[in-house]
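Structures given as structure tokens follow.
What follows is chain A paired twice: with chain B in the first complex and chain C in the second.
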Partner chain A sequence: EKLAARKKRKKEREALGDKAPPKAVPKTIENQRVYDETTVDPNDEEVAFDEATDEFAPYFNRQTVPKILITTSDRPRGRTVRFCEQLSTVIPNSHVYYRRGLALKRIIPQCIARDFTDLIVINEDRKIPNGLVLSHLPDGPTAHFRMSSVRLRKEIKRKGKEPTEHIPEVILNNFTTRLGHSVGRMFASLFPHDPQFIGRQVATFHNQRDYIFFRFHRYIFKSEKKVGIQELGPRFTLKLRSLQKGTFDSKFGEYEWIHKRREMDMNRRKFHL
Partner chain B sequence: MAAPGGYHVWVGAETGALKGVNLRKKQATNFGVLNRGGGVCALCWGGPDQSELLVASLDRSVKLFSTEKGKFTDSWQCPGGDGPFCGIATHDSAIITCVESGLIRVWRQDGTEPLELEAGGGLCRMRQDPVNQQRLGTGGKENALKVWDLERPREPVFRAKNVRNDWLDLRVPIWDRDLQFLSSGKIVTCTAHRQIRVYDPASPQRRPVMEAMFGEAPLTALALPPGETSVVVGSAHGDIAVIDLRKGRVLRCLKGVSGGVRALQCHPLRPLLASCGLDRCLRLHHLGQGHLLHKVYLKSRLTSLLLSTHQDWETEEEEPPPPLEVKEEDEDALWDAMETVATAGNRPKKRKSSGL
Partner chain C sequence: SPQVVWDTLGNRQFCSYKITTKTQNFCRNEYNLTGLCNRSSCPLANSQYATIREEKGRCYLYMKTIERAPFPRRLWERVLLSKNYEKALEEIDENLIYWPRFIRHKCKQRFTKITQYLIRIRKLTLKRQRKIVPLRRKIERREKRREEKALIAAQLDNAIEKELLERLKQDTYGDIYNFPIHAFDKALQQQEADSESESDAEKEEDEEEDADKREFVEADDSDLSDFEDMDKLETSSEEEQEEEEEVEKKASRSKSKGKTPLKGPARRKRPYIEIEYEKETEPATKTKAA
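Let's turn to the complex of A and B:
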């Protein structure tokens, strides 16, 4: 029945030729997205002031250089260890340390004393990484993500080489709401400010339907408009579970945003990031 | 006492702006200069007529804001002690300020030496008894509830005692985050260890009279609905619940908040609860049925709020109909003039307009 209707419409369109009405845009979930009132308006001065003076202001004013500590939960297993090493090649100026029975709350003052700006903790479950805690160190916000679909370098089908030491460019896509802006700025503050275009490397954080996809590519401009890309580096997807104001403190922390499944997932067309 | 524009709720934000929110039109207006160093710590009414607000900020200044004129009329610096303000109140045209290090000062208008009280360090909240304005309650981290009378600044009138050791024989830590005075003289406190406690200063027992546990997140705000058999608590995870004081059971959970709750207030006459917090939204819930009435997105994280109880929600509603009625009368006059010319078609139309 539907096929018949579609064929009829196609015939009408061909018959009308130039005067045919434009094709109807199909409805997708992104098209039908419920308008979020927290969407950031670029001209809004209060939000601009808020962002200019929040915890990332020293980074965006180029006063601090990011220095990142990557660690895991206790006793990491094979895949997680390799994932951490690959992640540290992707993010410049990062160090991997292993934890054997050290509490996070005690590590944090030591990190602040040694001038680290960010802390990444990769949580592991049954030998695969499944969670990420990203904490901006001098009392900055802490974001807790669920990580899925992790692909290590040798599992990605390509023929490229290893990523070099050049500082990559950063692309942040589709972080429109106020919460999305905060998370986007957290990701941006991981990478140093001046990307080295000689390296032709780019790290992309793409947000779609509240899932953040991370990809790392090397690009070549074949001509004015054609670009060839080669995927290198690990890839993973993240979903934000909570954003805590202040450093990681699970017992007494104050949360800026928590994902509450029963309340927030009721509408299929409403997204928060 | 209608303020210009009819602001129902006044909210203070971390960026230093005082926002007046009109719930009919769902609009907010900013008053004050945006200044991160001057983030609002506490708000209170200047007097029982609710025409003035006292705004206490992070840079230790207390500003007087007039709701009728719509601007800040006066400002004072209140130095002394360490840490941000944790409470502000007025009594007999004197301002009482309290800072986190425990220094409570009563600043008088005539410029004499401020009266000082030392309440111990690590304070989280100071509140004034609405019935007996000379009494103040203070509570904080490892600083149990103390009730002070301004006439006797040396010693607290009532000093609470910690509960007995728990079942492992360990000392139970104290962290009072918020407290409220009940009209019967009792005091309710909520702690960051998820406990809600009721103390009775009149009884010889210094330990809490009633204790209840709620939730898995520290409780950060407390409000009293009219009737005083229950309390409303808000937590750092965004759970707001109405808890019965007689048995300690949860009566109702109010949903919708996705960040930590910083301030709660109930309307004394209507079943309304206003809440604001770190998720940058002001929400109004219906207390009896629990559904969300209003939600306004205010762009910065909010720290404190004040409900205007003098504003009448009903008077606002009567304004739109009068202009319509005026138009109806004009139309009637028009149809009356035309009736003599054409009779049949106009009758049903005239009947319809007069029915309205």
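Let's turn to the complex of A and C:
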């Protein structure tokens, strides 16, 4: 009967000709999304002031160069290790270190002493990476993500090469709310500020319905209106689980945002990032 | 009497504490000393029996004697053992002084085992403990499905391409790519209206003439930086050689001159402008969709 209704509507439209009402826009989840009052307005002064004074200010003022430490949970399996290596080629100025059973709370002061700006811990379960803890070191926010659908470089269908050493560009898509904004800045602070356009590499963090998709491409401008992209580098999707104000501390930390399953998953049209 | 109890429960009929496996019989009774179902280790079938049990980290010696057999409430007598290992062993000895050897020996063995595992517990709690969080299948499935739908809705490739083109338009790349025709036209508009209209017209018609015109115009600008950019562009193109495909020359030309795929004659007319690049790596095809 839906088909019949549609046919009838089409006939009416044709019958009316020019006077037909404009075509209805189909409803998508993005259209129907519950309005989030924390959406960032580009001209919002308060937000701008906050950003100027929060923990990423030294990065955005170009005072600090990002230096990243990537590590895993205990006893990483092969897949995780390879993923860590690939991730370290994607992010410039990053180092991979084995965990060897060290407590996070103890390695954090050491990292700060050695001048690292960010710490990434990839948590593993059943031989695949499934969680990511990203913490900005000199007392910065810590974000805990659930990672899914990780594809290593050799599993991506392409015939390209590895990423070069050039600093990639960063694209952050769709981070609208305050929370999304701060998460986006966290990601941006991983990469050095001045992308080398010679490298023509771009790392994308695309947020869609609270899932953050990470892709790493090489682009080439075929003409003015056409660009070709070729995917190289690993890909994964993240879902934010919690955001903590200070560095990693599960018991005494002050949580800025936790994903509460009961309340937040109820509504299918409400997203937080 | 204990013999009767064993004959009924232990060997023949049903004992609810007994667990049989292929090779062994186990006894589930909490007061059992060894854990196996034997004539000598069954707390029900022996009227004189002793066990070690621990509660909240402290060990107790439990004893059962014939005299208290009719009083089930007072049946098991409990003695707290000292925390010191040797002293506790002495205490066991003095409490079970005239008892059969088997029970004494097994009590001490059990006590040793218990203290060992208590030590281990204390050591482990100091180290980092892995918290095991159960996954919930329904939620996992739900998340997975939502992620797929979000992926489809995201249309990542399109979004990335759009963003890159936006950045190109807003000149974030500066002068590396020489074909922002619109921006170029705007710049020209400010300077000379004629050349701008010409380049517009030329765009659709002959490309080689346009190239000439461009050359002409650039020279006209008398902007040395433009020439430098050309050089820079050529050097950068060299670096980018690894990405070119078999249609390589075309691509490189289009990159530097910003034209849609060139026709034959246009290509032949161009050589005096550009340097031929010999350094070619294996052809890598560019695909829009990964």
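What we mean here is this: the second predicted complex is superposed on the first by the 267 of 273 C-alpha atoms of A that agree within 3 Å, B and C clash if a C-alpha of one lies under 4 Å from a C-alpha of the other, contacts with A are read in each partner's own complex, and residues count from 1 in each chain.
The definition used in the following text is that a residue touches a chain if its C-beta (ideal position, glycine included) is under 8 Å from a C-beta of that chain, and two chains touch if they have at least 3 such contacts.
None of these values were measured; they are calculated from a predicted model.
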### Task
Using the touch definition from the top, say if A:Lys245 reaches chain B (first), chain C (second), both or neither.
first
### Message
Taking the superposition on A as described, I'd like to know which of chain B and chain C A:His136 touches: first, second, both or neither.
### Response
neither
### Task
Tell me which of chain B and chain C touches more residues of chain A.
C
### Task
Using the superposition on chain A described above, determine whether A:Lys157 touches chain B (first), chain C (second), both, or neither.
second
### Message
Under the stated touch criterion, which partner chain does A:Lys222 make contact with: chain B (first), chain C (second), both, or neither?
### Response
second
### Query
A:Arg209 contacts which: chain B (first), chain C (second), both, neither?
second
### Task
Once the structures are superposed on A, label A:His181 by its partner contacts, choosing first (chain B), second (chain C), both or neither.
neither
### Query
For the complex, which residues does chain C have touching chain A?
128, 130, 139, 142-144, 146-147, 149-151, 153-154, 156-157, 159-161, 163-165, 167-168, 173-174, 176-177, 179-182, 236, 239-240, 242-243, 251, 254-255, 258-260, 284-288, 290
## Note on the structure
The chain B residues in contact with chain A across the complex are 15, 17, 30, 34, 36, 192, 217-218, 220, 236-238, 255-256, 258-260, 278-280, 297, 299-301
### Task
Would you mind writing out the residues of chain A in touch with chain C in their complex?
28-30, 74, 101, 103, 148-149, 156-161, 169, 171, 173, 197-198, 200, 202, 204, 206, 208-211, 213, 215, 217-225, 227-231, 237, 239, 261, 265
### Summary
Listed in rising order, the residues of chain A that touch chain B in the complex are 37-38, 44-47, 49-50, 53, 178, 245, 251-258, 260, 263-264
